[in-house]
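Order of writing sets the labels: A, B, C and D. Residues in every chain begin at 1.
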Amino acid sequence: MPGNSFGELFRVTTAGVSHGPGYVVILDGCPPGLPLAVEDLLPDLQRRRPGQSRLVTQRKEADLPEIWSGVFDGKTDGTSIGIVFRNTDQRSQDYSDIKEKYRPGHADFTFDAKYGLRDYRGGGRSSARETICRVAAGAVAKKVLAQHGIRIVGYVKQVGTVIASIPDPTSVTLEQVEATPVRCPDPEAADRMIALIEEVRKDQDSIGGVSELVATGVPAGLGEPVFDKLKADLAKALLSLPAVTAFEYGAGFAVATARGSENNDLFIRKGERIGTETNRHGGMLGGISSGEPIVCRVAIKPTSSLSRSQRTVTRSGEPTEIATRGRHDPCLLPRFVPMGEAMLALTLVDHWLRWRAQCDFAR
Amino acid sequence: MPGNSFGELFRVTTAGVSHGPGYVVILDGCPPGLPLAVEDLLPDLQRRRPGQSRLVTQRKEADLPEIWSGVFDGKTDGTSIGIVFRNTDQRSQDYSDIKEKYRPGHADFTFDAKYGLRDYRGGGRSSARETICRVAAGAVAKKVLAQHGIRIVGYVKQVGTVIASIPDPTSVTLEQVEATPVRCPDPEAADRMIALIEEVRKDQDSIGGVSELVATGVPAGLGEPVFDKLKADLAKALLSLPAVTAFEYGAGFAVATARGSENNDLFIRKGERIGTETNRHGGMLGGISSGEPIVCRVAIKPTSSLSRSQRTVTRSGEPTEIATRGRHDPCLLPRFVPMGEAMLALTLVDHWLRWRAQCDFAR
Amino acid sequence: MPGNSFGELFRVTTAGVSHGPGYVVILDGCPPGLPLAVEDLLPDLQRRRPGQSRLVTQRKEADLPEIWSGVFDGKTDGTSIGIVFRNTDQRSQDYSDIKEKYRPGHADFTFDAKYGLRDYRGGGRSSARETICRVAAGAVAKKVLAQHGIRIVGYVKQVGTVIASIPDPTSVTLEQVEATPVRCPDPEAADRMIALIEEVRKDQDSIGGVSELVATGVPAGLGEPVFDKLKADLAKALLSLPAVTAFEYGAGFAVATARGSENNDLFIRKGERIGTETNRHGGMLGGISSGEPIVCRVAIKPTSSLSRSQRTVTRSGEPTEIATRGRHDPCLLPRFVPMGEAMLALTLVDHWLRWRAQCDFAR
Amino acid sequence: MPGNSFGELFRVTTAGVSHGPGYVVILDGCPPGLPLAVEDLLPDLQRRRPGQSRLVTQRKEADLPEIWSGVFDGKTDGTSIGIVFRNTDQRSQDYSDIKEKYRPGHADFTFDAKYGLRDYRGGGRSSARETICRVAAGAVAKKVLAQHGIRIVGYVKQVGTVIASIPDPTSVTLEQVEATPVRCPDPEAADRMIALIEEVRKDQDSIGGVSELVATGVPAGLGEPVFDKLKADLAKALLSLPAVTAFEYGAGFAVATARGSENNDLFIRKGERIGTETNRHGGMLGGISSGEPIVCRVAIKPTSSLSRSQRTVTRSGEPTEIATRGRHDPCLLPRFVPMGEAMLALTLVDHWLRWRAQCDFAR
């Protein structure tokens, strides 16, 4: 199917561009009877919003969702949920530069190569503003998961060379994450990250980082053998976000230097259930959740838009230079957190429904 | 849809277990008119096969595919391609250990948790032997891609702490890869990898590593904006393989410490086409292929099966120990290469057909 | 996937209810470069609209679509097309009857049984007003088809016992169809249909009928063997419309009494191409288009809503009576025509893109 | 996705041709824990088999399925079920006629037009022999449904002008159906059908008919609003079978002449549940099952293969004649019954799993 949908049973489909009238989201397959209101969507949309702090872009967007269908008398009614966002910050702009020149690191060239034309206003469909749709859908997914004891937390693990110390990823709270504008629950590292981001901004530059995402309360048994392993669908979900260049779960790339005797997590009894002594497997074995917390990490590249001048070419291939006007995040990490959480939540709900369909029988 | 299929338009569906009668693969959506014979599948199946060298397991499996349909008079005829493998090495074995005890690092526990029962003979459906189906399908995908100038090469980049020096991933040849049993095109590193694997084997242990995969000749324009980005589908494809714990493309996790001014690849004219000066973007921008080579890497964990004893629990949670009998790869990397290539090929063919459907118009 | 999407490669997804803020449509997979404007959607939306004549309901709905994305500089740009309709005729109403009583022939009871709750305002998601989304999407599909010489025409073939005489379905024009308010190209039958509908309306009753749909210019080769036969997907497309209870193509149910020697269409040469002497096969053989015109028919039941009183039960099962307030079509057929055409067009575009992906190679 | 798969959650994928080594079926998504053995598949395969009586073709095919995976210790284990059939009756034949000439009513021409080549041996992929795969999968589906009280019965309703009298479709038993070789539970009509088929056979001709299919015990709530209505998916399922040219449910085409006051089924209390007084709606309202029995009918065309000579053209368009050698059913109806039942069962299981996933919550 075409590429604007995500999920098999809990399916999000989106349309919209950053400088058109707005965005539309259709969320299909949500169980009926879930209490849901616009207010449930606002906190994560607020976390995603530009202009929250000096660390992120100062553009103002209202990002107020309207729920047009699928909710009746305060509850989901099982039919498709239509959510609409109107773009409010569409001041007339001069797009002549972006129209004719390919911004390094952006999708301008590849859209032209693919479609033969592109909506160049603010990046059109390639604008990261499309993630408001994901964050809204993710907020619904989180509510479904919460009903079943599954909790999602994400945070900033690394900015540049500053790496947070998070002794226990599974005990990080939303409050700790939101305590600093950089969304890093290690306050000391957060300070250094903020300083680094400020420095980078002054250089008219940007900086990358790593976000860690955790799901607790996930029952054993989610994920499909072979192609739709939970780890595979999580990787897809997170790599589908703009600027994400890498994914790992559990020990991740560190397994390359590990021996089997070190890397294997030994099974033990944990009260009523069977678990593992350690969690280098990041909560997934054979692509199926093990009952241990799911822990994964993604790398986010430094913002491609720079206010300093960069060499590039025009559509016809002539050498030129471009400097991105407008305000852009010097570091994408703080605003990434709710996006990553949303994709983790959407993936888990989808697999949870798949499990319900096939495997809730035997019990 | 259930999890035993891969691809939207070039779709592989598989069934089979390691200790049953055999495996079946159905490959749907292959363009008609492609010359195809069993011989086309054999080279990659041979590369995947156990027992090729002392570095890999000595089990003997014939792995001879039979093409039952979809090919007529030596050419694909557009209908579904049915491929059948018969298991030949099914000597009677004592499974009492694996039946009652959960092997660390394996899917025994998660299958039981998901389905309430499991085929414990040799891992059943979770056996990595299912990858013969992928490798066979991948060989067909490679032939389709080759018709259009797209070439796939994979190799071992790292085993333990031994890292190969590959100055130009895009110039590595199949011959260089196959020149050493460890499938590392850097001969000096290959020697050290072999020594390390031998050492690990003697310790009744195993070791992880990293494989790098490259596609050249990929036209700009493959991949879908938003959810089905090429990078996202590649990540899913590769994470769907057993033992893969991490994926990165281009600069990958290294973007975390990079500044935008370093990380952006600048556009230049390259003869008739527009390209980039460097390829830190691994051939994908905005999730769409840029025309530059696609380069990605995955981490593979050390084999979970160890002949040394490991602590674990029984199905009822009683502490016990288990040592895996039989021969197992001390390092999965050499045999991983054709599997990784297959998933890369399958992903590219699928997106190439999607591009044909929607975007081949405008030209 | 959930049930609010249609199509594999040209995919429509919808949300919205009749008495909420409006409807949203996302159309994904449309080829880029197609000239498209709101004006292209209006004619069919106008044909679908209530209040066009005395034969149909007198409710006034503006049905003005807004295209929010996917069209740039007057052309589709290959990204998802977001279309929004605002409901304008939402006067406050008394829903106490429909809230508590199950309307005969409607989905009130089955929605309650399925979801445990329902939006009872005007039928909520089960309202036939959702077909505005299909008709808008179908108008885009028709434009794509027209670029490739495929033309769609539908009309009313039968109302009650009045059956139109249409000697050659393939020569019926849109003008002929639109010449009468009942959309029957046989003027004499049209008069009798109109008289019958007037009579039925006076009786506070309704009447069923048959619509015939024709596609000309369809190349041979569309449709997939086995499960996704073109005839199968057409049947699904048309049965997915409200009130449709039967589908047949070509000779349809009449094959039951035919002998093979009568029913087989003999192949002949037709200029450059091979065709058939007759078209009892309705343009599809083995589920694949033959190059002959596609001809099919559907039955539409009499409107379930009646202003006369009908016996029914309340939600708790108590016997009661209900008479539908408001104006309703005494016969659904005239307004059905653009809906049927839309589903035929959407099915054909989808299969045409699938053919492009797999089979446009060999040429 | 390509066209050799059916179902969203209970998915059948098939490959194979009539004159190759055999057929393969992959059944994905079956709930674990279902007792299953080859013996469960044999009865319906036997009913589908040629050579059961003089009414059907005398070809002998063993049709013995082998279950290669997905069943362990006598129960489904939740992984993909691989089923293999070997073709046994592949005597060398002279295909020169069918290779060069297009058989009227067959898919020879449309396959050539679509793919540019075709496997002409016995119809290749277009052979109705592929229905063994559906019947095997349908037998599994029936077992799942039976566990939940859902029962499927099909029978022959009409052959030529002979129409059976079936006062209560919902009380027909398998024994009644199997009591006559024509599978018509009205013994008197069965006799006349048999006489008619014998007469047609002597004329080297064939005859069409109608089959009626019934599902009882279906709970209210299966089927999705809008596009994936249960009636729509049933229509697709049944039209995907070879030779089916029409589908109707409940009153079907008869609604065309009905008034709303006659056609509406009135809701009444039926013990603990709410039901309808009559069942002209065939068990589906708004595309969702109502709890009343599902009743539908399909028309099957007379066999296209005739041993008498028919005019046609060669691949290059030259006029010629063709008479089909070998034995063919003079009437497809008796063998159709298990095929129709299979598709009904597969559709219901799929929607039942979809309901489990989304709607089993609220309870």
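Note that in this section a contact is a pair of C-beta atoms (placed from the backbone, for glycine too) under 8 Å apart; a residue touches a chain by one contact, two chains touch by 3 or more.
Since this is a predicted model, take the numbers as computed values, not measurements.
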Practice problem: Write down the chain pair with more C-beta contact pairs when A-C is set against B-C. | Solution: A-C
Quiz item: Counting only C-alpha atoms to place each centre, which chain is farthest from chain D?
Solution: A
Quiz item: Could you state the distance in Å from the CA-based centre of chain A to that of chain B?
Solution: 26
Exercise. With chain centres taken as the means of their Cα atoms, state the distance from chain A to chain C in Å.
Key: 39
Quiz prompt | Geometric centre distance via CA averages, chain C-chain B, whole Å | solution = 45
Practice problem: Two or more other chains in contact with one residue: find those residues in chain C. | Solution: 1-5, 8-9, 14, 29, 32-33, 78-80, 114-116, 125, 225-226, 354, 358-359, 362
Practice problem: Give every residue of chain B touching chain A within the complex, in rising order. | Solution: 1-6, 8, 12, 14, 102, 104-107, 109-111, 113-116, 125-126, 130, 158-161, 200, 203, 205-210, 219-229, 231-240, 242, 244-269, 274, 276, 281-282, 284-291, 299-306, 308, 310-313, 317-319, 354-355, 358-359, 362-363
Quiz item: Which residues of chain A touch chain D in their complex?
Solution: 9, 29-33, 78-80, 225-226, 353-354, 356-362
Self-check item: Contact footprint of chain D on chain B as seen in their complex
Solution: 1-5, 7-11, 13-17, 20-24, 26, 28-29, 32-33, 66, 68-70, 72-73, 75, 77-82, 84, 114-119, 124-125
